[in-house]
Amino acid sequence: MTQTRLNGIIRALEAGKPAFTCFSKVDKLTAQELTDAPYDGIVFEMEHNPYDVAALGDALQYMLSRKKIAESGSVAPSVTPIARIPANGGEMNQFQAKQVLDRGVYGVITPHVSTVEQAYNMVASARYAKPTGAALYEPKGIRGDGPATAARYWGLSQPEYYAKADVWPLAPHGELLVGMMCESPEAIENLDDILANVPGIGLVLIGEGDLSQALGYPRQYDHPEVVSAMNKIVEVCKKHNVVVGNPHTNAKNVARLIGEGYRFLMSAPTRSYGVVGQGRELAGY
Amino acid sequence: MTQTRLNGIIRALEAGKPAFTCFSKVDKLTAQELTDAPYDGIVFEMEHNPYDVAALGDALQYMLSRKKIAESGSVAPSVTPIARIPANGGEMNQFQAKQVLDRGVYGVITPHVSTVEQAYNMVASARYAKPTGAALYEPKGIRGDGPATAARYWGLSQPEYYAKADVWPLAPHGELLVGMMCESPEAIENLDDILANVPGIGLVLIGEGDLSQALGYPRQYDHPEVVSAMNKIVEVCKKHNVVVGNPHTNAKNVARLIGEGYRFLMSAPTRSYGVVGQGRELAGY
Amino acid sequence: MTQTRLNGIIRALEAGKPAFTCFSKVDKLTAQELTDAPYDGIVFEMEHNPYDVAALGDALQYMLSRKKIAESGSVAPSVTPIARIPANGGEMNQFQAKQVLDRGVYGVITPHVSTVEQAYNMVASARYAKPTGAALYEPKGIRGDGPATAARYWGLSQPEYYAKADVWPLAPHGELLVGMMCESPEAIENLDDILANVPGIGLVLIGEGDLSQALGYPRQYDHPEVVSAMNKIVEVCKKHNVVVGNPHTNAKNVARLIGEGYRFLMSAPTRSYGVVGQGRELAGY
Amino acid sequence: MTQTRLNGIIRALEAGKPAFTCFSKVDKLTAQELTDAPYDGIVFEMEHNPYDVAALGDALQYMLSRKKIAESGSVAPSVTPIARIPANGGEMNQFQAKQVLDRGVYGVITPHVSTVEQAYNMVASARYAKPTGAALYEPKGIRGDGPATAARYWGLSQPEYYAKADVWPLAPHGELLVGMMCESPEAIENLDDILANVPGIGLVLIGEGDLSQALGYPRQYDHPEVVSAMNKIVEVCKKHNVVVGNPHTNAKNVARLIGEGYRFLMSAPTRSYGVVGQGRELAGY
Amino acid sequence: MTQTRLNGIIRALEAGKPAFTCFSKVDKLTAQELTDAPYDGIVFEMEHNPYDVAALGDALQYMLSRKKIAESGSVAPSVTPIARIPANGGEMNQFQAKQVLDRGVYGVITPHVSTVEQAYNMVASARYAKPTGAALYEPKGIRGDGPATAARYWGLSQPEYYAKADVWPLAPHGELLVGMMCESPEAIENLDDILANVPGIGLVLIGEGDLSQALGYPRQYDHPEVVSAMNKIVEVCKKHNVVVGNPHTNAKNVARLIGEGYRFLMSAPTRSYGVVGQGRELAGY
Amino acid sequence: MTQTRLNGIIRALEAGKPAFTCFSKVDKLTAQELTDAPYDGIVFEMEHNPYDVAALGDALQYMLSRKKIAESGSVAPSVTPIARIPANGGEMNQFQAKQVLDRGVYGVITPHVSTVEQAYNMVASARYAKPTGAALYEPKGIRGDGPATAARYWGLSQPEYYAKADVWPLAPHGELLVGMMCESPEAIENLDDILANVPGIGLVLIGEGDLSQALGYPRQYDHPEVVSAMNKIVEVCKKHNVVVGNPHTNAKNVARLIGEGYRFLMSAPTRSYGVVGQGRELAGY
């Protein structure tokens, strides 16, 4: 069985470097294009886009590049796909994590996780059951067993998949990244408790949009109260040595964010149409 | 920003008139056809038809008529789409309202809402977060922030969308209609409490099918016990000045329903094949 | 093997009665709805709607009503589906007829057939090969052999399907209706020749839209020149005893059309929203 | 109304025989192929495959064989489709059972049912409401009323559908099979209580994959501890006279399983490519 | 009826300016994104991407921006979609132009048009029939009549659509742009003849890929022989005052191309991931 | 650039061994399953199944197995996909070969090729243009240039793809297999001429179904007249050293077919449900 680290996001983080990612629509063409992008991973955004698991399966398949795989001779993906599901932590949902993991993603992000109980359920829903008393028993896994598609997608046998399909860094060789959105005052208040009591959280991703709304400054990411709330999150994450992520990294804030200790940096690709403007100018418009 | 009332159902109700609507399958052709229908709005029925959010997005797109929009010069839809989601109130679901609102519908109806807690969750799931202490804070919003698609569909900028994406009539300029199905004896019993304690409910829609089953008279909408139960609902709604709706309006009962105070009247389109009969008769069949 | 006439359009025509049909989009919901309609058959319109053969297969499947089949105990469809393909006669296309027949339709209509050669190709493309010298050899079949799906859809074994999958009335027990659109002055001029020389044409359907355009009176179906051209077509069809069809039958013209000898009458279903108007009036709009 | 037993799985069980089934992907081609298979029923596996209700509707439609229905003259399906939904019992979900039943399946299996409360919710979500005090009132139905599609699929009128759409064997003429996955130590511990207190459970299906994981012997179905746990389940089911099912029946264990009292036996179809090997040998590879 | 010029590509050309366009996949997300791009028009590339007419219909629908239409109060699209079909000129195909025009595109480009006969067929297939002797009779239209969907998409009544659905500049108010790919030595040789004898060609688009292959210098667009062949095309187009287009406009060649007289300039959008590189550098990779 | 032979069918043939293949529906699940099958290649059957190029693209993507590619370190597919298109040779179609090749298949089979002219067009439509006078100029290529998707699918750069995308064995290193169906008396009569005059035909596949129909013995593959006709084809192919294929290889005829010189042997996978019968017997049915 391969000893290679499969999850490129985790690989970057283990190397002490920030992981670069972006949100992606659940779309074949976009997925294929992003396979060649310089990101460590991508997050299929299924919270505000349709939660369409069949489409996710197709998109994942379009991320296989015969050339890249053959040249590397490795089953590690060039860009590692994870997914954000729509159910809030408070819904105590379990099937959505199961369904996206069973398609083959290497991690799951849950929106609006605000309490220890919610965070526990989030991690549990990404883990297989273990016998009572087993090492790393908690949070007790409740992910139903049906690994055929995911194992095939990862390029592993089923026993190999079992060995790797646990949450990092709780399971040091685990390849699944489980992340919670921290995006409300309640969540911030409870974050220290959550990280102290729920092992297996690999990422705390700040939800700037929701947080800024809840603070009364919608989408004003530089407002002092928003920044102050974010700093609080970063501080708690550092205390517990959990990776903290920023969803709106750009040329202006990237240096600051890295300096402040963000290690999961999301930046949207940009599309430009430059020649058109140049052409119009030349044509005397 | 446009001051026009966008939601045509609310527009009718604000004008003191009943709103006329129908259920629609989540289907491109049907949606396009209904764009030219004389309804104030339509309800994409996703409780008994597949809850398929991607298909809803397509259907909404097919409701855009270039001609109607250009001629009106307004972003108000000619027929206003809302959606009924499948999760019962008792499931305390939140993601389904978020997913359909994020596609662009102007309202959500939830089946089997029977308690104050369920109704609170229903309204909360359609509202964005506000800062503690803000006006109209309750029910506390838990709809995740991701307005890009809906704002585009409504023809608004994101700040404009935020300003309008709240529940009517709680927010007087809100454009979202949140409705609960009242369709069980328990719900009737609790309705007074619900309407007294949960602001933001724009519509109580009677579920005649379920109610008549629960009373032991399946689909006998004229049975005295069924009628009596419905009258009770109407009465409570009037007491709280909440719009009450009837799902089976037809030529026989429309006058009575309007007289009794129903203000959300649903009537299915009918398809006829008249010439065939006429032709067969002429042809001597 | 069943001796029942399967094709309901042919059944009506053999009984000396006009067949009533309509155009249908290639759509699951529409197809299902039309299964219960009073038509003898429907024409999946794939000339101006997308020629989407996979969608046709789905639509056909949605035309199966378990109840109707069980109650009749017969494999004859309650409403018989045929298809209009997009390639003009002049394109000498063969694959489109094959693809729709292989999904299971009971007939094919080809647009803009204007010459003997085109009509010959149209009929040939709907027929299987026969050995030289066999009865009814001409027009020589060029439909590729692959009957599994169609035979299953018809509810027959493959030998049974072979026995029935020939063109009526050339093959008296044939269940396939092959129709040509007659919709240009050239086609009218050549129609006598076509019908004299090409056996196997079961239907001449007038294309009023195209014909009226070609005559300079777009969509003026009552213009004397258009009517006169149509009369010419009817007359030639009567001479050769070939069924002639009208695509726009309505309450006003149905008696006249039957009187003039049209035997394939197409009338669109109509959708009405009557209660809305009634309700608005009652509500004092 | 037909008195025929529609659900072939129940028919076998009522006859005192084991029912043979298999899991199926939610796929048109597979569904069509399985219509001709020798199974009593199939289980559309939507726990680990995408929970795609629209696709389920299509797959069901492809299970209609015109020939089989016409020849039998009965609306009873040749192979009876039921579905496994993804939400664990602990999620207290109700909409998933409703959505698959509303497409037309004849039963629902829920994963990870571990307590009386969960089992009660599972059965309730498959039943329509009844008036208080009615016979067989408990578990109190919460399936929303919208039978049009399912009734059509079953080939029944809506009143006929109502009469049959209840859970067997609680309702002796019920045609719905409700099954729980028993797949954790907790579930085994609680099983006696569950079966004693929740009427309406038609099937206890052992989840060998999950169970063996929870016991620490992943996929070692013959390990003494796994076998012992399974025996415990069988024993409790026998005590309560509830059908117990095995998901991995094969040539080696089938005699033993029947001997031990399993009455719902799932065995995957196998695909073989025998001639290729034979051919290669002949060709001197 | 609106007198506005609808086709933005033609609008630019009539104003004496080059039109800027790009190829687009037939994809909803891409189409929606391009609606806000600064192009005059886009070309749905269906030659090398799947010729999927249903998907084209969806993509077109996603190009409707409620905001843009309402703000302009005009039915003219902000970015004008046309399509390239797959059949080579030599196939004498007609249905593909009909099918894409019937979805609503404002023009069609045909690959590998090499002779007068092929060019005539290309133009004819985009035109409706006219009566013999009518003005602008040639090339004689063979596009079947079925304008409902396209007229709706354009935002016009059917008579309005008829009045505008002819080829520009042959019909001065025509809104359809018909273009031929000129991409082989034979086509170059015949181009003077083609343009002299076939009215209605609105665009000659050079196929640099095919042309360079045919000349033996695959994709070497700056090779003297390729450039020389292209110059020949430009020269002939200028002689006949027909717009000539270049498919690979970029920052380096745009000034030259405008100078040389190209008036249809295609430049692909580019996607960049700039912050990632910057971030990695900052992080000390 | 890799020197490996990519096309597994050609690899077998070059090694002097028969190639084993089967027909496949254009279906994701089937395609994935066949990736692990022991065939040298598969033929996506698009003649009698819908010619759906978008679905073909998806199916091809599902044939990528990360594990197989990584383990081999090679871009050669484990099972090589080619496609049969629907247009008969006599239709002189070119776009269908282009569209399937542009998705990434390694070969194309055309039905009903009966003359030199048809065969020439078939080969030409699979080849890119070359400069006049180039080696292997004939049949003159008319496949439009747009290799991006196919090159990516093959795992090659575009120049590498150009170098390999020619027809074998005409181009000794070509990776495209072009096959003609020989399935009518006319085709047999002309076969010698065809093979003598049209280079680039890699396969003559006998169409037993059509041929037996044309001879008057539908599906009687062992009838002396059918066998005799087939022998004639084999003989002519041997004379020209062209591979001849049989579409219905089975356990009974495989030895004979190999002995007679067939080198492209198609055998359908079979599905069995063996345990069910065994179980029923055990259960005393």
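Just so it is clear, A, B, C, D, E and F label the chains in written order, and each chain counts residues from 1 on its own.
Following the convention adopted for this analysis, contacts are C-beta pairs under 8 Å (C-beta built on N, C-alpha and C of every residue); 3 or more make two chains touch, one makes a residue touch a chain.
Here the structure is a predicted model, which means the values were calculated and not measured.
A.B. asks: For subunit C and subunit F, which third chains touch each of them?
C.D. replies: Neighbours common to subunit C and subunit F are D, E.
A.B. asks: Same or different for subunit A and subunit F, where same means more than half of the interface numbers show up on both copies?
C.D. replies: Here the answer is same, because the shared fraction of interface numbers exceeds one half.
A.B. asks: Between subunit D and subunit E, what distance separates the C-alpha centroids? Give it in angstrom.
C.D. replies: Roughly 55 Å, centre to centre.
A.B. asks: Could you put a whole-Å number on the gap between the CA centroids of subunit A and subunit E?
C.D. replies: 41
A.B. asks: If you average the Cα atoms of subunit A and of subunit B to get two centres, how far apart are those centres in Å?
C.D. replies: The computed centroid separation for subunit A versus subunit B comes out at 35 Å.
A.B. asks: For subunit A, give me the residues that contact two or more of the other chains.
C.D. replies: Correct list: 93.
A.B. asks: Which chains touch, pair by pair?
C.D. replies: Result of the pairwise touch check is A-B, A-D, A-E, A-F, B-C, B-D, B-E, C-D, C-E, C-F, D-F, E-F.
A.B. asks: Please name which positions on subunit C make contact with subunit F in the complex.
C.D. replies: Answer in residue numbers: 53-54, 56-57, 92-95, 98-99, 102-103, 128-132, 134, 142, 144-146, 148-149, 158-159, 162.
A.B. asks: Given the complex with subunit E, which residues does subunit B contribute to the contact?
C.D. replies: 28, 58, 61-62, 64-67, 69-75, 152-156
A.B. asks: Can you list the subunit F residues touching subunit D in their complex?
C.D. replies: Listed in rising order, the residues of subunit F that touch subunit D are 17-18, 20, 22, 25, 27, 29-30, 33, 37-39, 249-251, 254-255, 258, 265, 267, 269-280, 282-285.
A.B. asks: Provide the residue numbers of subunit E that touch subunit F in the complex, in ascending order.
C.D. replies: 45, 47-52, 55, 86-88, 90-91, 93, 111-112, 183-185, 207, 209-210, 213-216, 218-219
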